[in-house]
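As written, the chains take the letters A, B, C and D, and residue 1 is the first residue of each chain.
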Amino acid sequence: MAVGIVLVSHSEKVTEGLKELLHQVVGEGKIVSAGGDEDGIGTIFERIQAALEEVEGETIVFYDLGSAKMNAEMAIEVAERDDIHLTSAPIVEGAYLAAVESSIGKSLEDIKASLEKEFHIEED
Amino acid sequence: MAVGIVLVSHSEKVTEGLKELLHQVVGEGKIVSAGGDEDGIGTIFERIQAALEEVEGETIVFYDLGSAKMNAEMAIEVAERDDIHLTSAPIVEGAYLAAVESSIGKSLEDIKASLEKEFHIEED
Amino acid sequence: MNLDVQTTIAWIQKLNDKIQSNKDHLTSLDRAIGDGDHGINMARGFQEVSKVIEGAEFSSPSDVLKKVATTVMSKVGGASGPLYGTAFLKMSMANKEETVDGDGLAGMLEEALAGIKQRGKAEKGEKTMVDVWEPVVEAMNEEFDSGRLREVAQSSMEATEELKATKGRAAYLKDRSIGHLDPGSVSSFYLFEAMAEALEESE
Amino acid sequence: MNLDVQTTIAWIQKLNDKIQSNKDHLTSLDRAIGDGDHGINMARGFQEVSKVIEGAEFSSPSDVLKKVATTVMSKVGGASGPLYGTAFLKMSMANKEETVDGDGLAGMLEEALAGIKQRGKAEKGEKTMVDVWEPVVEAMNEEFDSGRLREVAQSSMEATEELKATKGRAAYLKDRSIGHLDPGSVSSFYLFEAMAEALEESE
């Protein structure tokens, strides 16, 4: 799987479960879960940062709610890499599409285009 | 919370985690998780059926992938109730919106309309 | 070429045998264009079906098929659970006679196909089990014959290799789905093969 | 009215004290229009901030604020984590002098506000902490004064009660958000109140 996937949700169970689901669909592949905070529901910048480091290379990041987005944006800025894309596509459905496309060797650009088409979103 | 929410995903962790997240946002409320199958990733008609029975009253059902949809449709047909709506809105983002609106007393019709607007979908 | 209770049970048991011995084959086909669980789903569900119909008493094929339907719905899971569940349910509703003749069988299969298409919203050519069920129904509507049933099921199953998927995960794979058999079409072939065998042995 | 290392530490410790003793208040405000975790998020994060700056040596206010920023980013979570994290980071970058005077302080706050707005994409009037930060920055740009700082922070915090939310969960609540104080605006008031107290005590 070429493009890595980072899952940022307020719930660690959601990202862990989603990761398992995607692994069953695409087999191996760089899918990293960065969900939850120390008291349960929330997101933590440090976990996202660690996830981005774990993936390396072209990466697409999914988030669930607005505050997860801010933490993800911050982690991406701090990483100072230009091969990471933060998408507003829905986390479960979007990550499924991205995982399948990545597993057949699509590039980050291709996957971005597919997400835009499928979910009627405009990415920057 | 007036309108109940049933979450159907291939992963039990996803629906359980999402349920916890929604409970933190809206407090108490009828949110039932019906995810996974006996071997892990999948959906099982029986669990959805049980979830629908547990909720009672106006209910909105979210699913993740196509086969979850079929199982949900079948369970809804068998239930022979006309107060259940199956939505194609994204499961995490859609259920969040629905939970918030339900918690402030919105009706099933109102929530359907909000989901259509927010996610550019057409519901029947 | 008539279906009675005993033949119906033999059909389903033969189907279960085929599924159990081809579990890995179905799973590896699904790994190529799906999520790799079709063998697991079918084996789990039909194991249960086999157990459930073994001890029970039935008054008609419809009776057996209804039991099969509800067990499949509850235990198979995935897309194939609701699809096969619907198929068996429609068959059980289509004909309630104690012994179903060739025309009756053709009518049952036709109803099952309609149920599958309604449930899955797939049309022929989209690389799903519909690509086996539809040619089979067309052929059996001309004349019900177990030899022809086996033949048409097999050739249309094989023809799914060249189709491009537009449903489910395989749809995202698009052109890459070409060159692989559709797993649900292969399990549907087993269903028809088992039916043909049971009917022939009952003669 | 100058900020040195010691005053900066006093400011942050006072802020932590206020957060710890108002943890339940912040949480119950967030329960009304958010998800009920603002007190928990802030108390967890600033507890850690307090511990981290206690032992350490710093050469400038900028130095202290940078440490606060990275700890807040890592430990607060939620929306307020990245927002306050960004605010403290921008303050630490805006002025690196050993002692920051009134003009320097106004400049720091202005940069922090810009960071919050860029991060959260909120404008004034949307019932967020911006509704406290923006009036404060405007007033301090005229003339930095601790009494005025406290006054403006308090009145603009109180004014959020009448605003309608358009961001985050509260946005879905729309009109129902009216009549409740915005939790992040209340914690922002504590930040400015603590700053005013620390500056006054250092004189």
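Going forward, a residue touches a chain if its C-beta (ideal position, glycine included) is under 8 Å from a C-beta of that chain, and two chains touch if they have at least 3 such contacts.
Computed from a predicted model, the values in this text were never measured in an experiment.
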item	value
Pair of chains ranked first by number of touching C-beta pairs	A-B
Centroid-based (C-alpha) most distant chain relative to chain C	D
For chain B paired with chain C, centre-to-centre distance based on mean C-alpha positions, whole Å	30
Distance between chain centroids, defined by C-alpha means - chain A, chain C (Å)	38
Chain C-chain D separation of Cα centroids, rounded to whole Å	64
Residues of chain A whose C-beta touches two or more other chains	24, 41, 65, 96
Multi-partner residues of chain D (each touching 2 or more other chains)	35, 37, 169
Contact graph of the chains (line, ring, star, complete, other)	other
Touching chain combinations (by label order)	A-B, A-C, A-D, B-C, B-D
Touching residues on chain B, where the partner in the complex is chain D	24-25, 27, 96-97, 100-101, 104
Residues of chain D that touch chain B when the two form their complex	31, 35-37, 169, 172-173, 176
Chain B-touching residues of chain A, taken from the complex the two chains share	9-18, 20-21, 24, 35, 40-41, 64-65, 90-94, 96, 120
List of chain A residues in touch with chain D within their complex	37-39, 41-46, 65-67, 70-71, 73-74
In the complex with chain A, residue positions of chain D that touch it	35, 37, 40-41, 44, 73-75, 77-83, 85-86, 119-120, 167-169
